[in-house]
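Report on one structure; see the data block that follows.
Residue numbering begins at 1 within each chain, and the chains themselves are lettered A, B, C and D in the order written.
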Amino acid sequence: MNLTNEENMQVGMVGLGKMGANMVRRLMAGGDSCVGFDVNPVNFEKLKSEGADGAINLEDFVAKLQAPRIVWCMVPAGDLTESTVMAVAELLESGDIIVDGGNSFYKDDVRRAEMLSKKGIQYIDVGTSGGVWGVERGYCLMIGGPEQAVSLMDPVFKALAPGKGDIEVTPGRPSSTNSVEQGYIHCGPAGSGHFVKMIHNGIEYGMMMAYAEGFDIMRNANSQNLPENLRYDLNLTDIAEVWRRGSVVSSWLLDLTATALVEDPELSTYSGYVEDSGEGRWTVQAAIDEAVPAHVLTAALYARFRSRQQNTFADKMISAMRKKFGGHIEKKLS
Amino acid sequence: MNLTNEENMQVGMVGLGKMGANMVRRLMAGGDSCVGFDVNPVNFEKLKSEGADGAINLEDFVAKLQAPRIVWCMVPAGDLTESTVMAVAELLESGDIIVDGGNSFYKDDVRRAEMLSKKGIQYIDVGTSGGVWGVERGYCLMIGGPEQAVSLMDPVFKALAPGKGDIEVTPGRPSSTNSVEQGYIHCGPAGSGHFVKMIHNGIEYGMMMAYAEGFDIMRNANSQNLPENLRYDLNLTDIAEVWRRGSVVSSWLLDLTATALVEDPELSTYSGYVEDSGEGRWTVQAAIDEAVPAHVLTAALYARFRSRQQNTFADKMISAMRKKFGGHIEKKLS
Amino acid sequence: MNLTNEENMQVGMVGLGKMGANMVRRLMAGGDSCVGFDVNPVNFEKLKSEGADGAINLEDFVAKLQAPRIVWCMVPAGDLTESTVMAVAELLESGDIIVDGGNSFYKDDVRRAEMLSKKGIQYIDVGTSGGVWGVERGYCLMIGGPEQAVSLMDPVFKALAPGKGDIEVTPGRPSSTNSVEQGYIHCGPAGSGHFVKMIHNGIEYGMMMAYAEGFDIMRNANSQNLPENLRYDLNLTDIAEVWRRGSVVSSWLLDLTATALVEDPELSTYSGYVEDSGEGRWTVQAAIDEAVPAHVLTAALYARFRSRQQNTFADKMISAMRKKFGGHIEKKLS
Amino acid sequence: MNLTNEENMQVGMVGLGKMGANMVRRLMAGGDSCVGFDVNPVNFEKLKSEGADGAINLEDFVAKLQAPRIVWCMVPAGDLTESTVMAVAELLESGDIIVDGGNSFYKDDVRRAEMLSKKGIQYIDVGTSGGVWGVERGYCLMIGGPEQAVSLMDPVFKALAPGKGDIEVTPGRPSSTNSVEQGYIHCGPAGSGHFVKMIHNGIEYGMMMAYAEGFDIMRNANSQNLPENLRYDLNLTDIAEVWRRGSVVSSWLLDLTATALVEDPELSTYSGYVEDSGEGRWTVQAAIDEAVPAHVLTAALYARFRSRQQNTFADKMISAMRKKFGGHIEKKLS
């Protein structure tokens, strides 16, 4: 049985990919017992050797959990999350909890929470940040859902979160045993966890692009088109390193950038093709829903779209107009 | 001698490229006599057969002009304009007029005007719009410089400008014989002609990109990533045509776009590589000098920069960060 | 009975606001007979005196129409369109046609068309451009829906559209009696009319902002912060007028701008608060759905959002950071 | 005499405002001796009591320095830096060093360095980051200028810089006693220090705006225009705190934001009026000089411009067009 004190909990994890497996590891390291399930049994094998309990199918999986059951779904957002949550819900009973720990769209959470509440199942949405580092550093958790279920799961969240560590509490903040200082937060009702995570990622897009543009300008500072006495051949690897120390732009993203540049100073192992994974798009939609201007976050998203094309119909149309009014013939893209 | 009434004038034209030669043609068609000079004699040959007088060198050219001389320079902006204006100025005398009809940076005009005024030479900057169509439709002229010289040259400007034609005067505008309704305008002192032309081009960049983005979205409306019942296979050539009739986005640029699409509905003869020619950049600089936000005009400029690269260091940097925090491996650009 | 030749048709119009009433007028001027209905009877009175037939309620309205009935709904997009279309559909029978002529979101059209087709009712979405000028100039029509119904209604569309007028067909375009050259177009299946109209408005936002930014930079060209010899006091009213003649940026929007500036050269009767009406937002969503960058159209939308606030939380946050790292104390907004 | 080993140095500081005075303090704390001068004697008084030597005028100041003299100018960028550097240079002799530690435009550095080199004076440009925290944390220094002079001054830079502290060197980086890991870097020839600092600030603008937009969207998440079940009343203070722990967007700027929010959760003590100080503008210029797209950094700059106006001429122009084509009458800004 799950206890609301700091006693150990039992968590069922559906989806044992990179993120799900690492969360199981962190939970087990904290003393919680875990039952894992993945449609691909291969994903479970390594975890089994590390002490996790497994299941041959969802029915078996649910049968191994003690009520009130906690099923944490860690599968790709979209159709897969939808079908997984629904399949799990079929097997649970009133009082059980389903956690969607993926990167779902918050409006889907609201809809699912309303649907499941009719059956007495409590739905919690958790946005997690920390990436591949989370297993070691802990996961920053943004949680949405009903107070009662969130409270019940507090020991689980605490185990996953980074804890206070050596990051001092912000000066002036009343001292407390608040979860916030442990790296997890109950944001509000259904969807609010993923909403806050979505904005987190939107900000991340903007920050990344701010660095990227700045480094691009530095890299092109020795362009042959510039006057010779205004050309600089800058060492970007060193600049990233020095900015980590005492500058205003120091950040974890800069630390990672510095690592990438040490490994590959020209970044020539990267193609320049950049994926986006939903949150950036939803952030723009949320901005539009609220009529809040979001130039920076949107431009960062569009840069990713643009990175995936060699040339655009829009650009061709500009050339076509230039030819028509000015007789301009453009060069070929080399 | 040049007369300030509508009598015919004599104009010397330095630079007989596409623009300069066409302006000579339009001036001669209006009854003005022209002396042409180009460092490349080949450029003069066709004009000679059309009745223009030529010169073997700048000295000869100036000798053929009657005081007060009018020398219209129509050479590429930048170093070539600077050296041409300075070489011409060496040979002129007090009371003569130099016109820079190219796309110069307005701050260069101000500097040159101040320099030449010491010698008594009057400097006029003229921004011209109309492109390859100007020889037929007339050139929209934006003029900067001292009142006296601009007045003296009025018949020249009138000959180059489109005239009233069939474009009705804006309702409510006091009837007048104002030059504005003939398609030319004295904007203010030195540099103001090119300043207004610069903004004209800045706006042009923005309008072109507005159309380009819109058509790009329409072209991708049948993307396989969209749900099947929300996919449209739109006929862009027809849409451009229909918008020319009664819609809010009708414009001359749209007329040209419609022509380009009739010729090449896929725009497959265009590479997508788009040049920029200075005014877009200077418009952004002017906006920054004045602290006026110019998101649209700037984005249109940046799209051109972006069109000339297959992938950017900025994009690679985004991918590098994504790999470092999330273990994301990007696809290759196909 | 409605005939598919150019014989006169009967059209029922629901919603007799500015747009609906004017469309009735244009239809009657073309010889079509119209039955009008508006929840607010006052809106019908003027039309009655001009020869339109009216109805006391929807039932009466439908009863006055001959099968196959054509009911054109011209009510504000959103809930009101939804409820109107549904109420009308209740009273119609298989073979009848409902036209949504408002500014609906195209995904709503697709949903409604699928729903109504089950009852045999044909749904047509029509985007119209032309604003308050349409009654005189004609409306540019962008039409989505099933071929059969669109064909049947051809005479109605022809009556509303501008017709060829004095706008020459684009050179190279095969001569035809195509509707496109008359100013109306059948874009594709359900929703495509509003999709194209949405993009039209998105482009309109971008073009408007391109002009607006350019004029703003010109207006601030005499800022006291600029060096005295680089300040210009420009006559924006004259510049708008001159650009209408032979310049690359000539357009109908520029004609309207010139009119507005003649009436109020400082635009001091405008507050600077700018509404947006849906299509700009949906255009951005469509761009995001397709992963097409749309910097310009989006920036134009965000400028409207920004115009409606005196200061933003975002700006305050920037000031807060500046104070914290640099001790900077900002001025007050005057 | 200044020694090139780690022995103590003597530094003359011109400009004893917030930054200059704190740098003197940090230098003295490191064992260096300092002579200070400020046109406003009041600024020296506090430093005097802390052990700094002063001077009654520039001549006296220079006389107190031992050759090769090091004069560090810490005055506002622009005219004041120009006149100060020139006045100091008048009094120095061949072999002496002038440091411009302010936020100068790098092209001014290049010009000044060339000018001073004729007299044998070595010019060093130093961009410093760290703000009001530098006196304690140390200053991140970006240095441009001739190798010899930069080497000579190494102990001074080391004293000002943060040192290794507890920030681990990036993994994979070859171990060294490199200055970079101490927080200072010799970027290249004249101007390169300020160039790198300029980009640093450009990035800073972009990062700040990324956070600001994200928090603004979160703050408006309870807007009355949203459906009730999609409204969130978020605690921004707690969210800033939690993101400091294990999230991808953790940074020093976020730490400062968290502090600001603890003090004033509504940020109601800030007006929303945001200054900019040059580097953001120059970063955009550099991007344009190099033809590198910089959407994010530019948008961040424009947001500051916009914050300083209650309404814009651009917005009024949009309203004017809307009225003219659609009869739309806008609300008043409340």
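Please note the rule applied: a residue touches a chain if its C-beta (ideal position, glycine included) is under 8 Å from a C-beta of that chain, and two chains touch if they have at least 3 such contacts.
None of these values were measured; they are calculated from a predicted model.
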{"item": "Intersection of contact partners for subunit A and subunit C", "value": "B, D"}
{"item": "Reference subunit D; chain at largest CA-centroid distance", "value": "C"}
{"item": "Approximate Å spacing (C-alpha centroids) for the pair subunit A, subunit D", "value": "32"}
{"item": "Between subunit B and subunit D, centroid-to-centroid distance (C-alpha), Å", "value": "39"}
{"item": "Chain centre separation (subunit C, subunit D; CA means) in Å", "value": "48"}
{"item": "Overlap residues in subunit B, where contacts from two or more other chains coincide", "value": "131, 209, 211, 213, 215-216, 220, 248, 252-253, 259, 291-295, 299, 302-303, 306, 308, 312, 314, 325"}
{"item": "Subunit D - residues contacting subunit B, complex", "value": "248, 276, 281, 284-285, 288, 291-295, 298-299, 301-303, 305-306, 308, 312, 314, 325"}
{"item": "Touching residues on subunit D, where the partner in the complex is subunit A", "value": "106-107, 110, 114, 129-131, 134, 137-140, 142, 161-162, 164-165, 167, 169-173, 178, 180-185, 187-189, 191-192, 195-196, 199-207, 209-211, 213-218, 220-221, 223, 225-226, 229-230, 232-235, 238-255, 258-259, 262-263, 283, 286-287, 289-297, 299-300, 302-303"}
{"item": "Subunit B-facing residues of subunit A, complex", "value": "18, 131-133, 208-209, 211-213, 215-216, 219-220, 252-253, 256-257, 259-261, 264, 267, 270-275, 295, 299, 303-304, 306-308, 310-328, 330-333"}
